[in-house]
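These are the structures in question, set out in turn.
Two complexes are shown next, each including subunit A; its partner changes from subunit B in the first to subunit C in the second.
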Partner chain A sequence: MPPAHRGGTRSRRRGRGTERLAPYVLVAPAVLIIVVLRLYPLLLGVNFSLTGDGERNGTVVGLDNYLELFRDPLFRTALGNVGLLVLLLPVAVAIPGLLATFIYLRVPGHRFYRSVYFFPAVLSPVIVGAIFNLLLAFDGPLNAILGSVGLAPVDWLGDPDVAMFMVVGVHVWATFGMALVVFLAGFATLDSALLDAARVDGASLPQVIWHVIVPSLSRTIQFVFVTTMIGMLTSMFGLLFVMTSGGPEGSTYLPEYYIWIQQGQMNRPALASAASTALFVIMLVVGLLQIKLLKRAGKED
Partner chain B sequence: MSRIPLGRWVVAVPMSLLALATIYPLLFTVNVAMKTRREYILDRFSLAGDLRWENITTAWTSVGMGRYFANSVLVVTCSVVLLLLFGSMAGFALSQLRFRGSSALFLGCLAGLFVPFQVIMVPLARIMADGGLIDTYPGLVLVYVAQFLPFTVFLMTSYYKTIPPDIVDAARIDGNSVYGVYRRIMLPLGTPALLSVGILNALFCWNDVLMSLVMMPSADHRTLMVGVTSLRGQYSNDIPTFASGVLIAAIPVLVVYLFLQRQIADGVAAGSTKG
Partner chain C sequence: MKQRAMWAAVLVVGLAMAGCGSATGTGSSSSGSADKLVVWDWKSGEPSAAAYIEKAKADFGKKHPDVTVEFVAQPFDQYYTLLGAAIQSGKGPDVILFNGGGQIRDRVDALAPLDEYVAEDEQRLAGWEAFAKDGKIYAAPVTLQGHPIYYNKALYEQAGLDPASPATTWSEFVADCAAITKATGAKCFALGNKEGAGIQFWLSALASGVLTAQEYDDWIAGKRDWNSPNVKRIFQLWQEAGEAGLNNDGANSTAMFNDSFAIFQSAKAAHIIGLMSDVGHWKDFNEFLTADKLGVMDAPVVTAGTTPSLPYDGGIGYGVAKWTKDPKVAADLVRSLTSTDALTAFYAEAGAIAADTTIDVSQAGPAVATLVAEIETGKPAPHVALSSKTLDLMGRLSQQLLSGSVTVDEVVKQLAASDQAG
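Showing the complex of A and B:
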């Protein structure tokens, strides 16, 4: 349907040709940029991952990069950490979900809580990482508190068994406000008659959450699950870079950090591309799996 | 509003503690930035003797934070202007004009949402290098525009869908070209959405470190967040100056948040509920 037929001014319009092209002219910059700088690189990267690095640059090496990738202990640690993120995901979703519930139910001071909780979400991961570098330093304030109550200091960012938990913890600290706002937007669509009915029936708060809020907000919960997971996989770089640089002993690697190291420091772009492709596949699988699981859980309710 | 029993006051206690845990790290940093080194070493928590700005000045001048700050302002401004321009043009066309292939083009734009920068970093750096755009301001601007355009197009399209098509028809009957309708009607009508999306994009670009790190290898072109990462090495023994540098980079965001938190939250919420 050409747009010229919509108005009644056909006869007065000269240059009908350019008018008909107008929609294409308007979308052209956006489409060109997105296709050339986002979609095409995705294909290029997959292609790239099948070629060699260094002296084998440009030659097709099949799946060699992938084999090397999965033999690399650093990449395996990165995958293990992805597993850890998946395990911690329900906590990272439940915290903002619960807080949003309380704010929705108007606990005293709900407006204040809302703006305070959201605030770290606007800070750069670099800023957040730097602030927690101060707080978690071995001779820093947190250990000073531990010392004053007679506890031994903990090497928060230097102990391989502790560091990853600290980085994830800080990430959750910094991002739960984002999920909180999304939950509140979901609550805006909730039918308050359901809550009134539950109240009349004498339901307790946990019952209300489980039987009214969770089923009604299933779409929002689904959305938060997927975006929180994607956030964990793709927006921790700043924290990792500033807080631990992947250490101690490579214990805080995530695929995104691995890609950056292989590309920037090790000069292994093809290997980095293989890791990129693996990260993309992980994101697809995790995303689709979550949607499927959550849909099924929603149906059983 | 429904009142659910079970102490609304009981939850206020953990909620206040959490609020404290959210705000305290920043207050701590502000306090440290105002201290002398000696004060910090003697007692981590004591309040700064009085407001001192020397640390801020040292951080600003010695590692070139001023230069990085200017770089960030330049790159973020250009990126946001282009994002809003291209995003609103496409959003208007995709929501209000009927043309062949429009839904395919919309889906193409949306597909960009599911491609994180980390996944395309290596080939994108190569494309930029081939185009002579690596380590240049236009190169980084282009990368930011590409990164946040799918989201911008998506939000502008959903916003313009709420505007009745009669307005476009009426403006056309009055003799406006399609471009005239865009410039005289759609752009002004889109102001609230442009404001929200613009602020969000500005925050995203300002806060980025990875794209800037990859696309701007030379020290002169660094943006502020990359500059902050180099502070740590330089001032590992001078925590107050380090804290000051961090604060310099955080202040613009804090100011924006204080005045425009509603718009920021609305933008985030719109991104999650539309469509």
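Showing the complex of A and C:
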């Protein structure tokens, strides 16, 4: 029955064609969303950063905005503060790591600590900022305590050498609960036989932490490094806005805050776009480094 | 391969079509239909402004019963950010609330000149200069914003000073402050400079006692000589006041709104350079200090021969976007928003010194009476004449002056450079 045979071949061919097309059709919505809502606006932003503000609105000015940006001491301060955040990163990771270790080793009251440590993670940065504004005010309770033991008051949020550390400290306080949970999840996979063996061999607590816990949790530690860094670079705006507004003397500016000020307060959207592009490049570099780190960690396993 | 090429083609065509528009707004498109006006502000959501908005709506409804008006109250923190985005896209509200000075002058490209529509109101309302640029008016004033020096008469009495006659020269003023601090422990000034706004109020409040009349007028007209000894003197006074402990402690970490006002209200400081619009003003202070104990004084004379005056401008005012369908109708709404009836309600409920000088304020206490009496001889506030960029820089430099990490010469040099760059 040749006709039927021919028909069967055609339908099989058509079936193969549809099959070949299917993945593209299925992927198309995601690709469209990425291209239209992510890549295209990104390109628009880069394009916009090459145009002027105010009287030069709409005209192409080349790299003028970028030159202005890197000549602006305020933007340089913002970049410097990004560097400071990177330097402070190990501290931000070590705190939840150590606390999680103590909880894992069942210090008395560990259940209570677990919930208390996590509690700030559910508070909005605005509320956290408002609380610490009160605590750190010049005539606030912290300075009152210092005064009661005979120490001079410190202008926690008004001294440019101190303010950035206070904001970062509050950010760490408010967010380390999440990292703590990740660490605890990592501990759940830890082989307790190793700990027992170390104890039998007479290892002290620091030796247990350094020679057993840290190597066993290397992947968890790297993951926390990555997520903490992303958190520090991208979600400190709320705290900065409430606690210092970039001050005093511009010492607590971060690129995000700079972008917001230029766009909203100074009416310089094109300059803000240039700053956004610069921040994007920084994030890209940091992101690529992180991916490299994770890959290396994967190989070790 | 064919399918891949086809999809690629679809994407390229889609992108090309979407990419036809430029990144910057052309400003030609409109927000809505001709029978609806959208107003953006940060006031209409507040209970104290409810009566004002109602009166204005009623007045406009009589003139244009077929036009609906929608008020969209934006949070003030993000107001100019949101507005910037709207302006950039060339779409947005028809009628827009602005602060006078730099905030509106930076954005006049997006506004329609109102001169032909508001000619009738020019005599009745005060404060137009803050909403004008290059001789054209871009908004009609709702309130007047000034920077009077308020003082606490009770502290003066406790220190044995006459609260009815505060100091008229700087040296007397400093001596009075010393007496008050000695007798009561209260500081001379309540200062909030966390946002860098304290220096703006300082500059405006003291300038008329430091700059000569000619220097003052030149400053407002844009001919600013930053190297003049009198201009430097203003910043020296700021530094000296900090060093001499005239301000509350931790001024750089004290927010102006509302921490510094709270310091004054709780009698921890004898003076504050406040506002006269609808916050941080006489009505707020009356609540705690009572109307009888609240005084308003002229700037102490620093440079002999100067005549201190009240520094004030148009505070907030409504403008019309240039993309609105019918500017005449939108301007009518602006006129309703600045009608005597509406402004009387705003003054009564929110305590703002309204731009309408015909409103009766005799019931509000001596401080208001002093303020309103000084409007006639008042002059524009010097800080309002500066660009947002220069003000921002001045805020940071003022914090450095207080912490001692910069000299006055360096401050005026940087400010001159920023001012010249525009």
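Please note the rule applied: the second predicted complex is superposed on the first by the 246 of 301 C-alpha atoms of A that agree within 3 Å, B and C clash if a C-alpha of one lies under 4 Å from a C-alpha of the other, contacts with A are read in each partner's own complex, and residues count from 1 in each chain.
Methods note: a contact is a pair of C-beta atoms (placed from the backbone, for glycine too) under 8 Å apart; a residue touches a chain by one contact, two chains touch by 3 or more.
Here the structure is a predicted model, which means the values were calculated and not measured.
Of the two partner chains placed by superposition, A:285 touches none, neither subunit B nor subunit C.
Once the two complexes are overlaid on the shared chain, A:138 sits against subunit C while remaining clear of subunit B. In the overlay built on the shared chain, the residue A:181 is in contact with subunit B alone; subunit C does not reach it. In the overlay built on the shared chain, the residue A:260 is in contact with subunit B and with subunit C. Applying the stated contact rule after C-alpha superposition, one finds that A:237 touches subunit B and leaves subunit C untouched. After superposition on the shared chain, subunit A has more residues touched by B, the comparison being subunit B against subunit C. When the shared chain is aligned, no partner comes close enough to touch A:146: not subunit B, not subunit C. Within the superposed three-chain model, A:60 lies out of touch with both subunit B and subunit C [touch as defined at top]. Using the contact criterion defined above for the overlaid structures, shared-chain residue A:158 touches subunit C, although it does not reach subunit B. Residue contacts after overlaying the shared chain place A:51 against subunit C, while subunit B stays out of touching range.
Overlaid on A, the two complexes show subunit B and subunit C touching the same residues of subunit A, namely 24, 31, 35-36, 40, 44, 48, 133, 241, 260, 263-264, 269. If you check the complex, the residues on subunit A that touch subunit C are 20-21, 24, 28, 31-32, 35-36, 40, 44, 47-48, 51, 54, 57-58, 74, 133, 136-139, 153, 155-160, 163, 241, 244-245, 247-250, 260-261, 263-267, 269.
For subunit A in complex with subunit B, the touching residues are 1-3, 6-9, 12, 19, 22-24, 26-27, 29-31, 33-42, 44-45, 48, 99, 102, 105-109, 112-113, 115-120, 122-127, 130-135, 140-141, 144, 173, 177-178, 181-182, 184-186, 189, 192, 195-196, 198-199, 203-205, 208, 220, 223, 227, 230, 233-234, 237-238, 241-242, 255-256, 259-260, 263-264, 269, 272-273, 276-277, 279-280, 283. In the complex of the two chains, the subunit C residues touching subunit A come out as 3-4, 7, 11, 14-15, 18-19, 22-24, 77-78, 80-81, 84, 88, 106-107, 109, 194-196, 249-255, 259, 388-389, 392, 395-396, 399-400, 403, 405. The residues of subunit B lying in touch with subunit A in their complex are 1-6, 8-9, 11-12, 15-16, 18-19, 21-23, 25-26, 28-29, 32, 44-45, 85-87, 89-90, 92-94, 97-99, 102, 105, 108-109, 111-112, 114-127, 142-143, 145-147, 149-150, 153, 169, 172-173, 175, 177-179, 182, 203, 206-210, 213-214, 225, 228-229, 231-232, 239, 242-243, 246, 249-250, 253, 256-257, 261, 264-265, 268-270, 272-273.
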